[in-house]
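Multiple structures are listed underneath, in structure tokens.
Here come two complexes built around chain A, the first alongside chain B, the second alongside chain C.
Then we have the complex of A and B:
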């Protein structure tokens, strides 16, 4: 709780610093667009951004059990929703490629069989135990980088910058990251975190964030739009490198390279455009204030055990 | 052996009607799509809570007995973006709610349309949950 208050204080400080940065200069080079700078010279990523997209997370494969990922496992057509993965609810056509997974080139995440088996077991037995729910359903976190994987609502992200720090406020389940940009070492290996330890640096105009020190309790992805990857576990060996590059006034190209040799056969990379939405209002999403879905789902499971269908 | 397998998930879908696809958890894990219910009753409160709003109504049965029901809605931010506000369904208003019953048999339902006294319909649900007939 104390840490949370400290985080809030830092966020407020960053917000104040950000407001001081509003007058930052904007410049364009002769041969192309260059990002504006904050007064202390950082590339300016600040603003409210959304990640709506019409691009599927993975390239679909006919062997995919879309019903499983979407919740329709009793054949009634009534799962979590249609086996769709479009999360562009804006009416625009926001598709840039055949999948958000850009590496490997086939657009498929190289998941080890045991991890898929664990995911399938959890999804099939979701009513049996709270631990079978993803951390998102439990209102803990959507993860890093999973918190930036599109889900179709609660899609706002606010980036704030102050000297030596970048803060990202996630609308969905009300998360905030405070990222130092001084390339400091990661925290000690004994410290394990749901979202890992984020350490940033600037590589030219790109914010590069290295994340390590994960615990092994989370999921690399939590929502159905991530298809086959949803509820795939993360190990303590998970290592993620994020890159935020503002490529024009209204677009940040976001990329995350994910490696976890205990879970995946090779590193993989996902690329997601973030769209500047100055008029988008980020609402509070205090996920834990009334998360009745968990007790109600477990209660449904108990009822089914008493009265099997 | 249980044959009904249900999945919780973060719902999403873009349906033909173009409504936002929203759901923090699954329809099927908690509610039964084969058990539609229509409830007419008096609003006692609307909880604007996350991750899903809940509408409470008192429903008078044929025997005159009043039964309290809880109706699950979409996320508050999704309802706000859809046009709902604090005064959409004030306490005391008589509304008719269409929805689907909870699998555990309790007096809870997943809400879909809410019909107001003037006949106006408000969609309270989470499109993309896979609830039957949600072509909106």
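Then we have the complex of A and C:
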């Protein structure tokens, strides 16, 4: 009985996910809602959006080592951040789906074993070197698309549009991502970037962003809520395609397809709804300026080297 | 006699040209209508969209300064500091007595005290004339985005009446309005952690900044910023820094995420040494 209920729930979730994908690919919602336009005719995505959700990043598996992924290797409950976030600072009742990973269908990111080994090594050795921390803890970036993977706080995104550009201001680590929408070629292959080089175009009412030219110093995901995927490396071959489709007044369907043959056995896709939040106020997140996480962790490591437990 | 006359004519002519140029720069900043030739947005405002950068040496020192060697002996001439003239109207910053002494102390302890050395957020108006480009995005809505390449800093300027800032921050809170064809940006809510340049010029959390962006022609913005801080200065003072459009065919903001360039400096003493981390480990500091 219980198993059957679960099966039904999964079927419903899959059906919902499928319809969401369909909506996104046609660039129009089922009830024919069409987005407002900017004066130069772009679909208007402007405003402040948040992405709080109760849906887990991956479909959970009993072999998942949750304490390790959240940075709580001693099992003391003192992790590196909120792993579960069933609250929403905006007061919305959160929908809980099966997983934000919608492809492959099992809801699990197809990570190559070496990449999981590297992640595990880094998570177990954060006291030795800052390079073992994710770029978020180092206050460099949460990455692209990782900066839109839902986390517990600082989840405001302001979209602004001007002629030929869409800009996304990320509250978390004060990123201002400026996306040209003229399908220009990517910068030369000699230029490698933490967040890659974003080039956009409009596909109907959907903003499609192609991202390449990544460096190999970042992580595809940086926050504890992504569990097994947190601290998984990104290679220079990483290629991401994002799709932003405003499906109704208050919702943008966001999708990212992630391809990195050095790290994953197959491309995978996440789908995350963004909620319009006109009253949400984005505050400056001056991360590096007050970063005590890195020096305190390294200092603890140094103390342990001098006097091992 | 003839030579003397020619020189005089040339001198007069160049003086006239200079005056004319200065007048063109000055006229629009008073809030009068700019020449109709400037490009305009669909909404009829001067079109500030694009990538801009200051030239000159304001980022080294807002005031008059001589050339001097850089702080690292091995870098020789490559990172030496060029001379420059003051961008401050009236040349000198009107510090209160104690503050003049503190600026001098800051100057003498530049590397230890300048927040830029640690890749901290630059604050304003410093972000505008750092040696990195920044991009202005004028939206059809009510906001103007200024995104700076340095440290991924940015600010969203909300058009409308100034509001009291809820909290102090590194980049402050900016509200904007149009005075004729001049974009006037009013900012408060700063902390006291940022500097104006690499010469230790500084402010307190009482900083009130009024910036004026006037498009002189398609590729030149007349930028003026009036700095008011009764805790540090005896009166408000103004800087003028022209901003030039980056006309490179492929101009775009790249990343200057400098945190990774300062981790060794800030945290190096806390990690296990392998001996491989500091390629410049042998370099000697010439000063301070």
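By our rule, the second predicted complex is superposed on the first by the 259 of 309 C-alpha atoms of A that agree within 3 Å, B and C clash if a C-alpha of one lies under 4 Å from a C-alpha of the other, contacts with A are read in each partner's own complex, and residues count from 1 in each chain.
As a convention for this text, contacts are C-beta pairs under 8 Å (C-beta built on N, C-alpha and C of every residue); 3 or more make two chains touch, one makes a residue touch a chain.
A quick note: this is a predicted structure, and the numbers were derived from the prediction, not measured.
Peer 1: Applying the document's definition of touch, where does A:68 land relative to chain B and chain C: first, second, both, or neither?
Peer 2: First partner only.
Peer 1: Touch check for A:219: first (chain B), second (chain C), both, or neither?
Peer 2: A:219 sits against neither chain B nor chain C.
Peer 1: Is A:302 contacted by the first partner chain B, the second partner chain C, both or neither?
Peer 2: A:302: touches chain B and chain C.
Peer 1: Tell me which partner A:176 touches in the superposition: chain B (first), chain C (second), both or neither.
Peer 2: second
Peer 1: Report for A:234: first if it touches chain B alone, second if chain C alone, otherwise both or neither.
Peer 2: neither
Peer 1: Quick check for you: in the superposed arrangement, does A:165 touch first (chain B), second (chain C), both or neither?
Peer 2: second
Peer 1: Give one of first, second, both or neither to describe whether A:187 is in contact with chain B, with chain C, with both, or with none.
Peer 2: Only chain C is touched by A:187; chain B is not.
Peer 1: Identify the partner contact of A:51: answer first if only chain B is touched, second if only chain C is, both if each is, neither if none is.
Peer 2: After superposition on chain A, A:51 lies in contact with neither partner.
Peer 1: In the superposed model, which partner reaches more residues of chain A, chain B or chain C?
Peer 2: B
Peer 1: After superposition on the shared chain, which partner residues are touched by A:134: those of chain B (first), chain C (second), both, or neither?
Peer 2: first
Peer 1: Across the two complexes, what residues of chain A are contacted by chain B and by chain C?
Peer 2: 139, 173, 283-284, 286, 288-289, 294, 299, 302, 305
Peer 1: Once bound in the complex, which stretches of chain A touch chain B?
Peer 2: 54, 68-74, 76-82, 84-89, 91, 123-124, 126-127, 133-134, 136-137, 139, 151-154, 171, 173, 222-225, 230, 283-294, 296-297, 299-300, 302-305, 308-309
Peer 1: Using the touch definition up top, name the residues of chain B that touch chain A in the complex.
Peer 2: Touch residues, chain B against chain A: 1-15, 18-31, 33-34, 47, 49-52, 54, 72, 75-78, 80, 102-106, 108, 128-132.
Peer 1: Note which residues of chain A are touching chain C in the complex, please.
Peer 2: Residue positions touching the partner: 38-40, 46, 128-130, 138-141, 158, 160-163, 165, 167, 169, 173-176, 178, 180, 187, 191, 193-195, 217, 281-284, 286, 288-289, 294-295, 298-299, 301-302, 305.
Peer 1: Name, in rising order, each residue of chain C that touches chain A in their complex.
Peer 2: Residue positions touching the partner: 41-43, 49, 118-121, 135, 137-141, 143, 145, 147, 152-154, 156, 166-167, 169-171, 193, 250, 252-255, 257, 259-260, 263, 266-267, 270-272.
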